[in-house]
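Both of the next two complexes hold chain A, though its partner changes from chain B to chain C.
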Partner chain A sequence: MSSMLLAGRSVLVIEDDYYLADDARQTLEDAGASVLGPVSSMEDALGLLDQTSPDCALVDINLGAGPSFASAQAIRSRNIPLIFLTGYDASTIPSEFADAPRLQKPVEARKLLAAVAALVASLDRR
Partner chain B sequence: MDGGTVLILAPVGRDGPATADLLARIGITATICADHATLVDRLSADCLAVVATEEGLFGRDLAPLTAWVRNQPAWSDLPFVILTSHLPQRRVAVWRTELVASLHNVTLLERPVQVITLTSSIRAAVRARNRQYELQALLGELETGNERLRLIAENASDYAIMFSDAEDNIVSWLPGAAAVFGWDQQEMLGKPASTIFTPEDRAKGVPEQELSRARADGEAPNTRWHVRKDGGLVFLDGKTVALRNVDGTIRGFLKIGQDVTERQRNEERQAVLLAELQHRVRNVLAMVGSLVNRGDSGSTTREFRERLGGRIAALARTQALLTRGAGVGVDLESLIHDELLSQAADAARVTIGGPRLTLAPKAAEVLTLAIHELATNAAKYGALRVPTGRIASRWKVEPVNGQSWLELDWQESGVEIAPQQNRRKGFGTELITRRVPYELKGRGALDLDAGGLRCHIAFPLKAGESILQTDRPPPPRQRR
Partner chain C sequence: MASDDLGSDPEETGFERVSTGSEGLDDILGGGFDPNRMYLYEGRPGTGKTTIALQFLLAGVRRGERVLYITLSETRRELALVAKRHGWTLDGIEVFELVPPETSLDPDQQLTILHPAEIELSETTNLVFEKVTALDPSRVVFDSLSELRLLAQNPLRYRRQVLALKHFFAARNCTVVVLDDLSSADTDLQLHSIAHGVISLEQLAIDYGAERRRIRVVKMRGIKFRGGYHDFTIRTGGLKIFPRLIAAEHHTDFRGDFTPSGNSELDRLLGGGLERGTNALFIGAAGVGKSSVALSFALAAADRGEHAVYFAFDEGRGTLEARARTLGLPLDRAMASGKLRFQQIDPAELSPGEFAANVRSSVESDGARVIVIDSLNGYLAAMPDERFLVLQMHELLTYLGQKGVLTILVLAQHGLVGPMDTPLDISYLSDAVVMLRYFEVGGSVRRALSVVKKRSGNHEHTIREFQLTRSGIALGPPLTQFSGIFSGTPVYRGEQELPTIPEPGKRG
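This part shows the complex of A and B:
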């Protein structure tokens, strides 16, 4: 896997846990991506999305108050593809997001990069 | 019928004993009544038939007899065989017509009567009477069954039972349905049975789909949320059964369902709890994985193991406190006290003070680890390492832009700071200066004063939320 797998790509990271967010940022930046955020709340995510449009987004389902799909909906409405990063089972994800890739916590850096790379590759084919 | 007897009223001449003899020969027990009053006395449900001569009745007050006949139960119609008298026609004609009319089940035999005519008539009357007894027994069984059904329907108060017609309008609304839904029978008669469906299910056409299935398959499961009169929801586990006429056309529907709302809510709560638990466990493991990758640079493997072990233990202490129940928080003072205690801090050298405060789970988790880092650092490099060292941890709550902020200070003193002592930008520093702002939307600063370390942590307080929420909507697959 090239270390610059994601060169020139921007990825929004929404994750309320600082360590996990920082790990994801580090992993993505090491692969050449520019990271928007990370942000720990939906409000911060919406603030960023108003200013810039990332290539894709990595979204934690629970930002401290139980499962929520509000930020995922906001991202979808902007036609930005997303990957869920979650400790929940697939059954927690509503059917409207059934097609979104889902990474199970704890996620290995290798898997995270593969998922993001696959997602941006599918964008290029569009 | 045991004990059954034919009553004979023939007071004049030999007719009475003669008739009794005839009946005895064909196996029918008879009782001779000497007069009309005796006959009336002997009348009972066991009486098979009455054989009477007109002269035995004529001129008597027949009111008690006709009253007895009139008051028979529904199954009973006592047969009378009346032998005509030799009284002049004009005297007896009107009387006879009235007699026949008031006794109802009458066979009139004109004398002289042939033996075969008399015995066959009485035999027919007794046979008909026996059929009445059979009917009585069947009616009794029906009544018992009905009574049982009624008792079941009235006492199964968590079973909603209702009947509707072919158009699915309610025609019977049993007490259980009234208890479960809150509407009484008067309110529901004639209403469409779909009234009890939720607006969402009605909009989706669920009532019609259920009826189609019941028409096609005989019955359809009805296991879903329904709506009560008070607007609340009730979960029924039951079915809708199509009721058919003899020709196969639909007569109506029976809907029966048990109120299992409590069980359903428990199952949904359990599903949510399970999902939260999975989420929690995976998050904690992810966090532990992250802690492993975040050592203090330059420490030895042994030091790293000790520090990591301490951090995981601190994490575990918070988890233990927070998973005790829903809606629990952590007391700030005991949090600080416990972390210092785990470093065997001398109480005389430690001052802890501030208003009583319960921290929400997230804040408790971050702050526990922060205090843990401060305390271990103090034991290793700072105020808890030297005999002159002191620690003061004080906090207050301040309003900032309409929010309550916790302002927490950790001040070490009496520590001689070697000029070359270079505080590593390690785990604790990142935790306080980066994680606190990120996760708690607050501030964190760490400085080295002349007398020791000084730390300031501030963040807005949020109402405590349990990490094991159960009042959230259940996962979609569990919803019906």
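This part shows the complex of A and C:
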């Protein structure tokens, strides 16, 4: 039952740490979601977004060159809800994204699932 | 009385305090009692009231004061035994055994049973008054009110007697500690309102391990005290109280420079290293090398001449020594020079407050600059409730941060590969998170390390293979083929062999 929590959903994963990205992918796929990526750069993320529109996105704030919100902005502009993956404090996140859920790295599988499921559920209510 | 003559009334100036005879309790009270007041120590039998009350009197004896122990329950011999167990004598303490007449079986002392209880009670208190007037002590312990309560038979008369005692003592230069063993069915809040201060002692049985004792100042008029529960143990020599750590009280200036790991590649991966005054969480599966990496940080500190302490919850010294030998790390030398202290902790025996006090003394007395806690899983086992673990750890880490200490926390995850289960959500407390993982190449299992998070400064966003070699920890170059396969398959697909790991440079 819970394994199909995210059946039919697609989630874009932007994360440059291989292990964390792969953990997220596996966790999401186990819950029935299809994963776009994982990608480790903004360019790759934008490339994927041009081709397809995921239900939601997991976004790492720092892809190696310090905090960046360009891909988050691109995702927002497409009206796709997102969750931040970060090791930073809340203060790093610009106010325009203050409402976006934030998960501390490294993320627990069940927390990740809970956050994605909550986001997807709020999508259904729209 | 306890104060030296300062030429002004200490009650007015308020800076002269009376030591409670317990360093920990004095600390909690910010110096001790206000003189010439009546205090209540309450706690069930066996919580340590008599011991800490004797400490109060002995502190007076050391200052050459006259002190009096009035006992309605314990005999002088019983008290002498308590004292002996702690390596004390009752010399200098006047013990006044006041066995209430109607409880005495001695026919000479036995009063006629027709005496109304009112008279017996006031006779008891009158005997106390006479004794105190004759001796004129500056410290008195009254053991215990429970006996008085029994004599009084009803709350009104009991309260009247306690008030009589209070007023009698208030007119004298005398600091009084009354004991109550909480034997009455309901908690005696009246007593709380009569006493100038109330200190509660508790003993808790936990599911496994030694009992936990804790002390709390319930009330203390006019004194700013450290609230909440403080763990304590009873040892030879009295109560050892561990005042609850309040990080905000401790700050020293320090430079937030790097604390090298002894391995330049590892430092590079960490964006220069781990800074002083921060903490790092090393997570990974069992056996992946967390402790070895943590140990190399501690040994590098010892090599630099700094003091490092390794708190081991899970392993004995032998395991650590064997590990150090495998890695060619100079553990013996560091331990012999005293620069590295290894302390094994038995979580079943140690309360978190005692652990915190231990950490504190290694910083404040021994000047520790690097502290390793291996592991949080073991520490978790010591705590019945995870919420408190996180709160206590938060306070401890903040304290260590304020002191400029680098703290390394080791946390074992469940599982070997794939998404791992972390038993404790503490990463938000950590300034840096280093993840150690196994990976598989061509049927052999290897180890990799990456920095998942670092609050201050940047860090490498790469995964590096590492090996535990005979000459320490060796890091390979970034595993680029890993990050190249983000489109899918979770295996290492480098066309060429794994990059070889250079022998680590000279340590230190």
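Quick note on the criterion: the second predicted complex is superposed on the first by the 125 of 126 C-alpha atoms of A that agree within 3 Å, B and C clash if a C-alpha of one lies under 4 Å from a C-alpha of the other, contacts with A are read in each partner's own complex, and residues count from 1 in each chain.
As a convention for this text, a residue touches a chain if its C-beta (ideal position, glycine included) is under 8 Å from a C-beta of that chain, and two chains touch if they have at least 3 such contacts.
Nothing here was measured: the structure is a model prediction, and the numbers come from that model.
Q: Which term applies to chain B and chain C once both are placed on chain A by superposition, clash or fit?
A: Clash - chain B and chain C, as placed by superposing on chain A, overlap.
Q: Once chain A of both complexes is superposed, is A:Gly8 in touch with chain B (first), chain C (second), both, or neither?
A: neither
Q: After superposition on the shared chain, which partner residues are touched by A:Thr27: those of chain B (first), chain C (second), both, or neither?
A: In the superposed model, A:Thr27 contacts chain C only, not chain B.
Q: Touch check for A:Gly47: first (chain B), second (chain C), both, or neither?
A: neither
Q: Looking at the overlay, does A:Leu63 come into contact with chain B only (first), chain C only (second), both, or neither?
A: second
Q: If you stack the two complexes on chain A, which partner ends up touching A:Gln104: first (chain B), second (chain C), both, or neither?
A: Both: A:Gln104 reaches chain B and chain C.
Q: For the superposed three-chain model, which listed region of chain B (37-45, 235-243 or 361-369) is the one that clashes with chain C?
A: Given the superposition on chain A, chain B and chain C clash at 361-369.
Q: With the touch criterion stated at the top, can you tell me which chain A residues are shared between the chain B interface and the chain C interface?
A: Comparing the two interfaces on chain A, one with chain B and one with chain C, the shared residues are 16-23, 38, 40, 62, 64, 66, 86-89, 104-106.
Q: So in the complex, the part of chain A that touches chain B is made up of which residues?
A: Those residues of chain A that touch chain B are 16-23, 38, 40-41, 62, 64-67, 86-89, 91-95, 104-107.
Q: Within the complex, which stretch of chain B touches chain A?
A: Where chain B meets chain A, its residues are 275-276, 278-283, 285-287, 289-291, 293-294, 362, 434-435, 438-439, 441, 465, 469, 472, 475-478.
Q: Which stretch or stretches of chain A touch chain C in the complex?
A: 16-23, 25-27, 37-40, 44, 62-64, 66, 86-89, 104-106, 108-109, 111
Q: Along chain C, where are the residues that touch chain A in the complex?
A: 283, 418-422, 425, 427-428, 433, 435, 437, 448, 450, 452-455, 458, 461, 463, 479, 482-483, 485-487, 490
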